[in-house]
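Shared chain: chain A. Partners: chain B in the first complex, chain C in the second.
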Partner chain A sequence: MKVDFILNGEDVSCQADAGERLSRILRDTFSLLGVKEDCRSGHCGLCLVTLNGLAVPACLVPAFRVRGAEVVTIEGFKQTEDYEYIRKGFEKAEAEPCEFCRGAVFLSTAALLEERPRPETPEILENLSAVFCRCHDPESLVRGVKSAAELRARRMNFRANR
Partner chain B sequence: MARDRKSPLKADLPLSDIREEGMVHVVTVRSPSCRGRITAVEVPRLPRGYRALGAGDIPGENQLPILGTEIPILARDRVSYVGEPILLVAGPDPDVLERIRQEVRVVVLEEEPILEWESFSTEQVLLERTAILGDPDKAFETAAEVLEARFRTESQEHLYPEPQGAFAAFEYDKLVVRCATQWPFHVRACVRSVLGVKPQEVVVRPTPLGVPMEGRLWYPSVLACHAALAAVLCGKPARILLSRDEDFRYTPKKARSLVALKAGVDSQGTLSVLDAKVVLNTGAYAPLASELLEQACLHAAGSLAVPNLRVRGYAVRTHTPPLGAFSGMGAAHTLFAVEAFANRIARDRQEDPLEWRNRHILRKGSVLITGEPLRDRTSFDAIGQRLKAASDFQRKYGSNELIRKRRSTSRSEEAPRGIGIAFGYQANGASLTSLSSESFTVEATLNKDLSLSISTSAIAGDEGIRAIWRSTAAGILGIPLGRIAVSEVDTGDVPDSGPSVLSRNVAVVNKLIERCCVTIRSRRFRSPLPISARSVHRPRNPLRWEKESVKGYPFESISCGGAVVELEMDPWNKEPRILGTWLCVDGGRIASERFARSTLSASTLSALGQCFRERLPIEAGAVSVDGYREYGLLSLAEAPTIEIEFLPWDETDPIKGIGELPFLCVPAAFAAAAEQASDLAIDRIPFIGEEFVTGELG
Partner chain C sequence: MRIDEVIVPSTLGEALAALKRNPDALLCAGGTELFSDEPADQAGRPRILISLHGVPELRHISRTDHYIEVGSTTTLGELLALKAEFLPGTLRTVIRRIGTYAVRNLATLGGNLSAPGRFRDCFPILACMDALAEYRQGAASRWVNLNRLVGNRGTPLIPKGEILTRIRIPLTGWDLGIAHKLGLPRANSGKTSLFVALARTDKRVLSDIRLFYMSDRALRSREIETSIAGKRIPLSSRDMESALGAYASYCARMGVPESSVPRFLDLVRRAFAQLNEGAPA
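Then we have the complex of A and B:
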């Protein structure tokens, strides 16, 4: 079937089986390797993308669900202002997820902050539970998200005051 | 030299992201049986561009000597576990390969597999170790009371951030192999041997490792051989990348253990004698069995100094996938047992476990099971005091005990609480028996622009290790951290620094960097720049385990630690909920407190998961088909507060490895807390609460 959707802000189209996993389409058809090789069960969360603004493991999304949707991968997210404050927030808090889970952690954080601009610690941990990696130090991740939230809030205030 | 990031042969990319024009994928046809003789391998007619590779196609050696044992790269006549590689199929399309794999028919004349390991037969014993200190038999005769317990640890999955695999391709006249490994020169040696070529014809450039949990020491070498074989025989770049399910079911896991302990105490409750029987199920082939068994036996008395001690250790072969190393290699098995046992003895005698331990604690000069006095100072007293203050241990323990005793008469709906403590020590730079004759090297060069280049094949799993190396060099040479570079690992360019395991990156490699820098400093204004220095480490003599006695000093230094775990347990489904974890560490000088804290915190989370979530049932010799999907993890949402404290150090103290301490201390602290909360005997991790619920109902 033909799948038309918006990928990282651009209209794209590809041929795929209806049940083909979005993670595979993104890696194989569009060479977006920031979507990590997945577990096909949503267990690890390393293939996280946002689908219409919600963070979801791409390995659980069949191709037919993508038609007409808006998908953002870490590659697309990196081009946004939001990525910058999350990156800087984590850097400022000296929180460094490893290279395998960093993309998924940042995307998950972005989705959370969109919904809850000032998240509490349990909300942050709940949200990041979608991504599993043995490098995770809960305290530094919480610090990173809170620091990103702070930067984001400052920017929002700055914009509102202008 | 910085790598060309665009070339798949050099780019700093995860293995799964490495692709090259014309690359063939490789899939593995595996044994359907635990044990038997292969009578036929029927391969369907293959499409053009596809090729099947069996043991007969290997130009060099098929039997690889790996860390004290021999492993076939591809099974030729016999199979020893479900999933053992028999045939490789290489070709351009992964979907076609998968179809071919389904169509290949392997016929095995099955034999009765040996799966029992706790009551093992002599033919199963790979290694046997016996060590005796003092006169245990006499001490048991005079003991006022003799106590016994048996503790088990089950298998565990490493859960790497990326499944195992390897990539191989020619670069001019060399074969470049890429994989996530803790030991690049081991990969090179294995590939060289399988292809029957010279060492310099193979170059290994590792891909990012993630957190290896000591599981990427030797198995990547096997997959590297598969990829190399396909690349050479197909004449194209080749990549093998296991699926999550495949990795989960067929690659090595943590060894299973049974530790049977028998203790004699005198009328004052003082431990006078300990007898430990350690059985490790190392599955099929069992590389690293000697290292695991030695570490397990060495730590059999845990943080306790016992005058009379007997340890009998057995590494036992079974027809399950290879079981071996995990963080806390070997030591974690016995430390869980002996520290949990110590807590139980103290509780049965109605003594505070901390006070009971203080009477037995291992100190500098205490005689080890090896017969040598401990040369390092230990800091268990200080660690105990700090943990007590930070967690309010004594008050909580006393109050929980009161509630526990009352519980036997009145049933409450409230979730009962428990708190437990345990100590442990991490051996730094412990000799690997199988490496005892090797020597390992690090080089450093102070360049003309006053920058420093460090050249080593040691793999830094995270930025923290590189930060330690740079900080060490900066401290000696007085140059800014930003001007110190650690070279990319390429076996063609860097010296062999040995495997990155057992804290060697800190205890050995860092020391070699230190020595190089001291040499450079001494030549600094006497020789023109650039100045290069080379430092070589020759491991100590390995432990000499004999049938009746043990001699030798088995490690460079030790790092001490302790943990307190507080939890509450659902009274109905026996599901624990961790309320808090406290860790106190004496790791010498802490080069980067931020990295140390972060590493310990992440390891503590994994260690807690190991205690009650990460269940890996191996039934009929195989990990279940749905194993990966059913494997429970301790999620961040369940993460308790983890408080970490470092004992004070001064700048002259050595830097030591500390990353394994949570795996050594947390499980026994968890078991003690869970016992107090539940009144159950927690003698196995992972603890599975529902088993006890079923038991009660039944």
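Then we have the complex of A and C:
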């Protein structure tokens, strides 16, 4: 089937089996290798993307669900201001995730901060549980998210006061 | 999995008409079940799929003083976003233990209740709460108590050729609500077990109790529940041992593997202990 959708802000189209996983389409057809495929059951979170603004595991999204939808991968998210303050926040807290998990952790953090600009630690842990990161202890990641939230809040205040 | 044709209706009428034309079609909304790694789930999957994710009537949530009515394609994430008074606490606990928040952004309540092969996590708690499911076929609709969807051997009797449109969840309060998920926390429902207990007391008397254990089959005995109800709280050792003996016989009748019985009985024992702990002195 033909699948038309918006990928990282651009209208794209591809041929795919209706039941093909979005993660496979993104990697094989669009060479977006920031979308990792590991567990293929939605639990490791390494294939996290946003689908119409909601963070979802791309390995559980069938191709037919993508028609007409908007998908953002870590490659697209990297082009945004939001990515920058999250990256800086984690850097400031000395909590940068490894290259493998970074995309998913940052996308997950962005989704959380969109909903809860000042998240509490349990909320952060709940959010981070969507990404099975083996390379960092949860405490440092929590520090990173809090630091990113701080930077985001400052930027929002700055905008509001301008 | 290979799918030959996908029908994406934009209204409930279109969805019902599509199902009438293709009575063997697979219904889905979130799509997460399509990638279930359980071999039994993949066997015999139809090649025509009707995706209900674009049907607005199936996403509606409404509330009265007595119940909340949830459209079947409401995601588990949307349910968790409801205020505390609109979603019973034990149901919230069960949903929070399903996958991660990202999975819950896709998975729907209807999908959780309609998965083939075996019950998923929301079923036991909703069955204990006497939730009703509305099924529609053509112009006809019917409300079914979820407990009627359990077959004789404890396996699901999911209606075919009908669309699950709404789930009506009673908002009546319970004095005790327990939900234990056993197995790896992130594993798919097919690899976990779930024990649910709800109880209500009235003037130191156990007025209502419901116990549901779900593994590869559903275990719930209304007969034993009725025999425990009406006892004074705290339950005496004799009452508890008598109930546990009845549950052991029930497990044997249901063909539960002997290795699983002690775990089930232990959960029942712990539910009784918790009930007694909460009883007024």
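Throughout what follows, the second predicted complex is superposed on the first by the 161 of 162 C-alpha atoms of A that agree within 3 Å, B and C clash if a C-alpha of one lies under 4 Å from a C-alpha of the other, contacts with A are read in each partner's own complex, and residues count from 1 in each chain.
Going forward, a residue touches a chain if its C-beta (ideal position, glycine included) is under 8 Å from a C-beta of that chain, and two chains touch if they have at least 3 such contacts.
Predicted, not measured: the structure shown is a model, and the values here were computed from it.
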Which superposed partner A:L26 touches (first chain B, second chain C, both, neither): neither
Which of chain B and chain C A:E126 touches, first, second, both or neither: both
First, second, both or neither for A:R40, with chain B first and chain C second: both
Touched partner set for A:C135, first chain B, second chain C, both or neither: first
Partner chain(s) touched by A:V145 [first = chain B, second = chain C, both, neither]: neither
First, second, both or neither for A:E96, with chain B first and chain C second: first
Touching partner for A:R65 - first (chain B), second (chain C), both, neither: second
Common ground on chain A, meaning residues reached by chain C in one complex and by chain B in the other: 40-41, 43, 126, 129
Chain A-touching residues of chain C, taken from the complex the two chains share: 1-6, 8, 31-32, 34-35, 37, 49, 51, 53, 77, 99-103, 105-106, 186, 188
Contacting residues of chain A [partner chain C, same complex]: 1, 17-19, 21, 40-43, 45, 48, 51, 54-57, 59-62, 64-65, 67, 108, 126-127, 129-130
Residues of chain A that touch chain B when the two form their complex: 33, 36-41, 43-44, 46, 94, 96, 98-101, 122, 125-126, 128-129, 132-141
In the complex with chain A, residue positions of chain B that touch it: 13-14, 16-17, 159, 161-163, 208, 210-211, 213, 241, 243-245, 462-463, 594, 597-599, 601-602, 605-606, 628-629, 631, 633, 635-639, 642
